[in-house]
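Here it is, the structure, as structure tokens.
Chain nomenclature is as follows: A, B, C and D, assigned in order of appearance, with residue numbering initiated at 1 for each chain independently.
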């Protein structure tokens, strides 16, 4: 009798703990987003105009798409710093292959995706086969990709971005092409992560690589595939960005690499892998984007944005850290 | 009566809602050897970690040398004269032997600079007191496990401790090394040093202890002088039942040969191991840590590639190179270290259990949720896993339930052979008993089991046959009838050739 | 040699198609060797070279150290006899480097011009690629100086960061020609560029004129902290401050990036919408982003003070009939920098400030009225005019000349 | 030292172990040698005293921070904020100094105080709030950059004449700044080999749990190492001030990645517990000589980035890393 009673009591306290932890992990970032929106309602009501929402969502999509890939890579306890190089490479490829001709858009995109996959493969092989820490492997690839793009273009990307790529700037009220793409990719990959064997394996590899190996999961193949996916999402973001500016830009997407990590981390994806997911990242992306829009709406200096962004990252991880720390 | 050097009163401690220690009191007098015994998970190590300052007790007080001890850092506690030799070796692999021995208390010269001459001289002196010849400049990662254990002991000696806690030092020491250890303990005792000796090898306890304290399920069951105890009494105190009650017996017939390994070798320590396993049989594998037991399991499972020999799963007669091939062929491994190799602690029970059988539960790569939930409910009932929901993360389950989740995960693959590496480590007695029952049930269904264990009663109680490993080789095979602890230890420490000579 | 050697030569290459290039190359070489003196011929009929002329007030000069420096240096000459030596010369060129097309074209002009001058004039062009970063450029200048060049041409990536290296070069006896931007010290021989304060002010004046002195405007600056951007901003601020009818709604940096510029413009558009009557922009790439944001929003585009002769910008502006004033910052000014270095090494007195405006042909500001004359269908978007080297060099560099469109 | 050496195990694989441990260092120096041979044969000025002094001085700028970074990485940490901290310290010291020789000491003190403060904040967040060093210092990178630009987005302050002269001072043929760097290299070697603190760094990085149980003051060690790393950054900031004469916020971005690259190329493990001062010195020199040589040889600017990328990827890929 007493034993049973004690057991149920123990179970209850364990129960509360993991439920609290899970609540913070799953919804903490949404609470933060809600608070941010309340602050915005007081300071910048303009944020809630349909036009503003449309702009915020479209800009968020550019970050959001690459953040999907970054989240996947973080889930297997990785990191991808090479995305910045991929943006530039994509922009150059679209201009060089596309060369102003709309019928060349598809070949241009395919070329960019193929090259992106190659970069991802390089990242994955370095991390799995040579056991290079992801930070260093993807940093090396970043320098390499930038250098290769530079060598190929000899400093000057030739060609033109085909005008039809401007389709990504189309929108119907709030729904723009990038937003649709972002939401669509999120829907697909939320399902992939939750409902498919592949998704399970991604989490398993990130959560405990040795256990995953002993469970018969081809861990190297999973990790390589995730790096390839990460690069492909970077290409997708690069294409949206290129269509956005319709111009080859050497600095295209600068800052989005670190922002994508920040978005995932703020969204609750753990740096050590296996924990978090895309729902959190969506909120992380929105927080970062709304903050930068508010800075413009308030007419604040850009430097303030850096400080706020840093504090938001720290605040979010502190929350997760405190919530997950055992007694 | 003398003043006790140490008195721990009413110590309680819980982890994530699991009570590890309940109102435990423990006292020691100077210059005596105390045996602290109890099954795995009884709370011995937790108690000692509280003593070491590595954990903070939830309740209770510690009086050391007549003074109530306030919370202190591990360094201050070491300085106060308490040193602990941990069960999991507490050495920094990248540092040298000498640096490890004096880690945290490095000798310095007047300028505050590390005195390397002294560091090595004193280390050598300590090691020679242990009768060990070891280059103090070698880094610890280059030592064998037994050598590392000796370094640990040297480290404790270096601390000029008044109280030394040894947490299962004998688990990895063998023969002459063990005799040396007992000599050292005797010498220390003569110098007035108090020793707390944690072990579940009872003969050792009877050999050296003056007083024995028994912990069970986080509570002190009894504490009395060794002279008032005999073996059966002590066993009953530890486990609460007699051995016959713990290890369920069934009559089952040995079936056909299902698994055979011929002269297998890997890049690890394994050196030409052969074995045969029949349906419905439990083959126990005993041996010291580092004898190649775990490596054998990994080799059979395809986790480490074979460099020589072959493994055959009879009936399928195929060779595998990866765990996934082994799993598909019907052979699974429940690894030794649950947390680092078996469990996805951050993931839910549901995901943990279904990971190896996802392809069966999915169509076109999409998991069929109802089928999956069915599996989880089935597993929960079969193994009576205590959890609040299939979505609960496994890190919030108790050790026993975690182990059941790992077992459930592998049982769902419907294997013909299961390798269990230390299946009851860190599991409470109740869960242990359930695991034994489960093993018998599996046997009855014709499933063959290889069980690796450090716990000799478990090996002897459960196995139909016992292979004893030593230095990567099979040192001997014992049948159930002629197996006893002495015989196994002899084989495990001396190896077959020496054992025959002896 | 004087600083105005090559001016007449370039028109032809601009005006004629590539089929004529071989022939033109000869003409070109001939023209260069013959041409002396200033021949500022304009592509368009607009000969008004004073497009950027500007009347400053005393207060404005007093408030701007930059203006004081430029205005005084315009009248000074540097006695370069201490640097006189016989050629051929080894000239170090610390470039902005492989960062954008403007800079790549400047490098191309430099290599072409040195080749064109011949080995007996410049035996070696030592090159440093700063990747548009002061961090990279400071050590690079040291590397270049370690090779003991006869002169240093520097496109400074930071006015402050490069000041001390410039002083050290001068101390070492290496004359320094600053190209396209200034440093904080006065201890250099000469600067080739234009009065950026006036550029900023003229662009602002254009906006003011377009609005008849009344209206709301937004200001998009380049990169805060970069001299070119800061000085232009200073000029713009002075003009807008002098026109009380102009209300500045907001000012944000667009980092000379079309993407950043578009993002900010989108936010402005939802915030102010039709209230924006005019835009001041610190660069053509940002103007592209601004136009793009307007096009997406489907709003009418107000006059923009801040285009450049950049083919992509002109394409957009022509297509959408945008009113703008374009300023110019020709990468071909590097040829003047090399000329200046040669002049110094010849020991001839050298003006302390050399304005390319009116020296390099077609480098004057222009508006949408003349825009069509500058636009080149066969150039890719990235090309910044004017180009004074032959078209082949442009193609060699990888600027795809657009196909016929299939 | 003792006669017992190697009786029990360890010795047979000694050579293999030596190679495994020192392989990256040997490789880096072989690479440097190769570059020197190329430089000496292809450019008459590469081996000139002047250029060598130049390379040595430039190496100090990356090298000093790389030493701090290496110590942090040794404890299985990382410091991404050093670049931003260099930026802020340039601005702070330039403003305090304001061209006055009398203000040199206050300026140095202000910069050092800044370094200590930043290091303590890092230590606090990592120790007490248990946030991963990567995230802590990433946030700090962004925040410090913001603070730097808030202080001033355009050049401010001024170095005193003496401070500017410091940059060109020499002892014999060797620039003082290079000498300073080499002394720091030596001190770091001594620190790791002969001090208790050095051993504690290894212990914390090698096995933090063991270190804790052995009485190593883990938290204090972490505080100290992050403070040290921040101090190397502010010292580099002061050197930049001496180099430029003014506080320019344009400086500093990206230094963190260069230092990490140098440290990793030098064979230090990102997993902690193993570091090599000589290797880090090699990594710094390799990057420095490569940059110098690219300018010296007039290598086409278009392929410079590619060459650097290939060197980094090759260096990290050639040696299979431990851990996982």
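The working rule: a residue touches a chain if its C-beta (ideal position, glycine included) is under 8 Å from a C-beta of that chain, and two chains touch if they have at least 3 such contacts.
Fair warning: this is a prediction, and the values are worked out from it, not measured in the lab.
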- Could you tell me which chains make contact with chain A and chain B both? D
- Of all chain pairs, the one with the highest number of C-beta contacts is A-D
- Comparing centres built from CA atoms, which chain ends up most distant from chain D? B
- Query: So how far apart, in whole Å, are chain B and chain C when each is placed at the average of its C-alpha atoms?
  - Reply: 74
- Query: Quick one: chain A and chain C, Cα centre-to-centre, how many Å?
  - Reply: 38
- Query: Quick one: chain B and chain D, Cα centre-to-centre, how many Å?
  - Reply: 43
- Message: Where in chain D do residues touch two or more of the other chains?
- Response: 149, 153, 301-302, 304-305
- Query: Among the residues of chain C, which are close enough to touch at least two other chains?
  - Reply: 97-98, 107, 224
- Message: Could you pull out the residues of chain B that touch at least 2 other chains?
- Response: none
- Note on the structure: Inter-chain touches occur between A-B, A-C, A-D, B-D, C-D
- Item | In the complex, chain B residues that touch chain D | 52, 54, 73-79, 84, 86, 90-95, 99, 103-106, 108, 112-114, 116, 120-121, 124, 127-128, 132-138, 142-144, 147, 155
- Item | In the complex, chain B residues that touch chain A | 14-19, 301, 303, 322-328, 333, 335, 340-347, 351, 354-356, 358-359, 362, 365-367, 369, 386, 388, 391-393, 395-397, 409
- Task: Under the touch definition given earlier, write down the residues of chain D that touch chain B in their complex.
- Result: 1-2, 4-11, 13, 17, 193-196, 198-200, 202-203, 205-207, 209-217, 273-274
- List of chain A residues in touch with chain C within their complex: 46, 49, 51-52, 54-55, 58-59, 95-96, 99-101, 103, 150, 153-161, 169, 171, 241, 244-254, 293, 296-297, 299, 302
- Query: Once bound in the complex, which stretches of chain D touch chain C?
  - Reply: 45, 48, 50-51, 54, 57-58, 61, 149, 152-155, 164, 167-168, 243-255, 291-292, 294-296, 298, 301-302, 304-305
